[in-house]
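As written, the chains take the letters A, B, C and D, and residue 1 is the first residue of each chain.
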Amino acid sequence: MSSPPARARVAKEVAEVIATRRVGAYQHLTLVSPEIAELARPGQFVALAVGDESSATLLRRSFSIHKVSPSGTYGGTVEIVVSAVGPGTRWIVARAPHDLVDVVGPLGKAFPVPTEPVPCVLVGGGYGSAPLFWLASQLRERGCHVEMVLGAASEDRLFGVVEARRSCDGVTVTTDDGSAGHRGWVSDVLPDLIDRTGAGVVYGCGPMGMLRSITDIAGRHGAVAQVAVEEAMACGVGVCMTCVMPVVGADGQTRMVRSCVEGPVFRGDRVRWDAFDGNHARVPDDAVGAPRTGGH
Amino acid sequence: MSSPPARARVAKEVAEVIATRRVGAYQHLTLVSPEIAELARPGQFVALAVGDESSATLLRRSFSIHKVSPSGTYGGTVEIVVSAVGPGTRWIVARAPHDLVDVVGPLGKAFPVPTEPVPCVLVGGGYGSAPLFWLASQLRERGCHVEMVLGAASEDRLFGVVEARRSCDGVTVTTDDGSAGHRGWVSDVLPDLIDRTGAGVVYGCGPMGMLRSITDIAGRHGAVAQVAVEEAMACGVGVCMTCVMPVVGADGQTRMVRSCVEGPVFRGDRVRWDAFDGNHARVPDDAVGAPRTGGH
Amino acid sequence: MADQQSDKHTDDRIDLSVDLGYGKVLPNPLMTASGCAANGAELHRFFDVSQLGAFVTKSVMADPRSGRGTPRMAETPSGMLNSIGLQGPGIAAFVDTDLPWLASVGARVLPSIAGSSSTEFAHVAATLRASRAFAAVVGVEVNISCPNVANRGLVFACDPGASAKVIALVREQLPRDVPIFAKLSPDVTDITSIAAACVKAGADGLTMINTLLGMVIDTDLMRPHLGGITGGLSGPAIRPVAVRAIWQVRQAMAEGRIPVVPIIGVGGVRTGRDALELVAAGASAVQVGTATFNDPTAPVRVLHELTDLLVEKGYQRFSDVVGAAHGSPLPPRPVPVDERSRA
Amino acid sequence: MADQQSDKHTDDRIDLSVDLGYGKVLPNPLMTASGCAANGAELHRFFDVSQLGAFVTKSVMADPRSGRGTPRMAETPSGMLNSIGLQGPGIAAFVDTDLPWLASVGARVLPSIAGSSSTEFAHVAATLRASRAFAAVVGVEVNISCPNVANRGLVFACDPGASAKVIALVREQLPRDVPIFAKLSPDVTDITSIAAACVKAGADGLTMINTLLGMVIDTDLMRPHLGGITGGLSGPAIRPVAVRAIWQVRQAMAEGRIPVVPIIGVGGVRTGRDALELVAAGASAVQVGTATFNDPTAPVRVLHELTDLLVEKGYQRFSDVVGAAHGSPLPPRPVPVDERSRA
């Protein structure tokens, strides 16, 4: 918050839904959103308003950008993959073709891409894989060897296995119940994969617990983890300070930083995983401006 | 409120919209609502919920029942005629066939029908004519001579001219701008009509100002006025006390009575028109329990 | 009466009973909210009002009252304003007609009483007690969120002294085994101090919350929308304020700052989940008000939704959920002397 | 600066200018709400922040603050709860970085300052005054709706004495021609008494309202949803409370109980019509807060909607609409002695 960030361009568009289809447990929506499609990079997200002007649901819902097509028959499109978990996402998955949705984006920082062609492993949990295929293509364009791990509770909660095979050099699938691929967690297969490919970077997107374990494993196996987090966000554009997480800065100091503008992608080893407990994050005692005893 | 009313049956149904069409400035909707269709009588109304569970619009919107068909291909139907004036009515007119709406009804008291076959004049202002055609048929079945006056600001705000010609013995149309029928107000043509037909009852439904002048004219020309009022209603079922109006009871005393259960049809000469000023109604000083100076 | 009925309308999957004190046990915690359900007959067309834990009637005063002019309501985002002005038939008509009718259909009744002075409250309570249908009364709600004429119309519930005086006088008029509930206003700087004053003056429980003072301007006419200028804000919009008020008072009880008494929660409940929020914050019973205008079956629907939710969560007794969000249980409720002597 | 800019971003159909006092004239009445717009750079990606009458920054305290743990927000019907805990960079970083940036893009700034003690407020005001970008400051908003450590964390704005002390100290630190606005909490029994105390202590205006204290229970986890347990309720849900508070204070001014000063309205504004409600109740300027989270262009959109609405209604001067719902105009505002002497 101290230094005004560089002015990255961002758009607000009323987008037409031109396609929506069920994919396993998820809904895959294609929105006509030319400006956002033009500006976005992998790892960024969009925020959709829920309901109309008279809706009791004021806050936007955030979704990773799965894919953009900067031009096409309808103008540029943006695709998202939505898991209906509550009223907001249920409203979004209920949109029919030609319905309009209000979209703001692209938001947040993209996945940093290595300057050298180092091997990379991409790990997606559930719909967390959505932004990774696009990232995989960009990495391979730069000459990186790219392997992907897709994990989920069960087969219907895997997203993009076919697309993964198309866009990566190797794909490993895990499910908790063994309904597809290896029975178990992504963390069971990740160590070997890093070692085998000599990966320099592990990219992760999925539940917090998974991101934490990816970070641990990457660290132990000599790779850098870049993880895209999900924090509850009221604004998505950096003005409300609700989406903060304790993250260590370049100066070694922990601050509560906004995951919507300084994230959602963070270097895994910078995140203070020790402060998390379920969906609650404490302010670590050594954080800048942390409450002092008897103080605020 | 003092004595519990007789327990008239009322239903709450989730009704499918099976037809919706534009009629001049209005939208005419047909709802599958078998229970309400079975119970309703002319002059009663239904109350529709607006939006879904997450809607910020909590209160129902009331509409006169235009017509019921107690049985049919789809089961009994209820028809209403809606003028889109605000967010609630805009939502309702935007419903497409097969959409569901939550309906409560039939509510309120029906138009009282004379036991003798006396001539009647029915006066409808704008969509206020909606409940009158059904009433006209019932009156004619009882041998009454029925004439109707339809008035509106302009031709597109008239409702049911063709239907009126079918269901009545005579029809007079007035518009403020002369775009159809006589240029002027219903009050211009009403006195002659009462005198000519020897009407014993004048039924009215429309804006408050019109109902007041119908009452005055009927009184001066020896007829009883039965008018259906529109007051802002929070519940429509008699539990909130928001829809009250000052009305003189059988005992000659004025009380603030609930127009949703003791109305919407009142004998015109019982309504304390002197207490109204636009959409505000004062409590007359002589009303039962009126605030005393220095008191409540 | 409450006792005879306490096995009816319960659920065999879970014990929903609620103890209001003095042996008044309700079969379940759901109630109507005063002024949002009239006096029973209207809602009885939609559901059997004896299915509710208790039926709370519209606040009644000594004499018949016309209430205020119209408009009396304005719709607001996820809520509404009302300014009814306590229209009602007066306590004589209430005990003659409304209460016997409620008794006749087997409802357990929590009459809500109001007054413009503490003596009016006392008179209303005394008349109520003398009613031939008094056996249907499981408790009395004292609506102290109404204007005190003696104090420039300041509502009683904004002042601990005025609140305590009303409660003490009402307490005197009613049999000791009829619990009285002080209904508090959220429009105060510190609701725990008002709660404490009421309990100390003899309130056997607290109902929270009444409406928030609000206002809507009609921007077409450029004047206040309501005939009464200001009005009471209710509905889901205010639920977070209700939850907070209940939480704070329950917390004060846990800390020993207020004697432990049951809290009846009210404010913005529309679903079983909403009711559970109030219960987890500390409410032993829940009233459904404005949501009834949206859905006349709301009070029973919420009861069924709440029951299903609790069963799904594996609870066996409703009483285990009361205040559960505080983590720690409350100190035991001391048994009043006269209750012990009756045992 | 304000004067130079007052002809920019106005509308040639209507005079939208707002006089905050001491020659600080804003080109229009629309503002951001503190804490709902950060310090400008983020929203400047969506619209030119100098188009607003003024930009209100996030409340800043003496030192950097981490704020509270998460979750920091909960969605509620037509609103939300937040418990940020005044996270911020501290006043030194603010005057070094944020204020100069706002000045550089031509914004008129109404910095919001906060403190845990009255001396902290004074220190923050003094540091602000010393800023090289102080010329961009058209006034200072004093957020007294924050906890007073000296008084068991009771918020200053709940106590007239504590409020007055903060205002008097801040007033001393700032040049006489920089108006200060006391931002009031609605969580009080009588907001007019706090308003009166602030104005008497030297506030040149009032901002109303801050959030209402509220709470949400997470019914899955059966514990308070927010890391900070309670939070501030904001959004359209609370608009009727804001309108009422503005109305009451304006009424008290009309009756001579509070000296006449401008009111900045805030609370639940989402559309131009909503803004007009606050203005008609008595607000000379309007802030848009939570609605910005729904629509990052909301502050300028509301400005355009309000302008169109006023033009449609035939108004030629915005100032004619202020308080219009009261019918009668306010008594003339006395010109302060030092203002007259400057003329």
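The rule is short, and it goes like this: contacts are C-beta pairs under 8 Å (C-beta built on N, C-alpha and C of every residue); 3 or more make two chains touch, one makes a residue touch a chain.
The structure presented is a predicted model; accordingly, all values stated were derived computationally and were not measured.
Touching chain B and chain D at once are the following chains: A, C. Placing every chain at the mean of its C-alpha atoms, the farthest one from chain D is found to be B.
In this assembly, the C-alpha centroid of chain C lies 36 Å from the C-alpha centroid of chain D. Separation between the centroids of chain A and chain C, computed from CA atoms only, is 47 Å.
Contacts with at least two other chains are made by residues 53, 56-57 of chain B. Each of the following residues of chain C touches two or more other chains: 77-79, 235-236. Because contacts link each chain to all the remaining chains, their graph is best described as complete.
Those residues of chain D whose C-beta lies close enough to touch chain A in the complex are 35-46, 58, 63-73, 75, 77-80, 82, 84-90, 93, 97-98, 101, 116, 147, 149, 221, 227, 235-236, 271, 290-297.
Residues 51, 53-57, 87, 91 of chain B are the ones touching chain A in the complex. Chain B contributes residues 56 to its touches with chain D in the complex. Chain contact summary for the complex, chain D toward chain B: residues 77-78, 236.
Here chain D touches chain C in the complex through residues 74, 76-79, 81, 158, 187-190, 212-217, 219, 222-224, 229-231, 233, 235-241, 243-244, 247, 268, 273, 276-277, 280-281, 309, 321, 324-325, 327, going by the rule given at the top.
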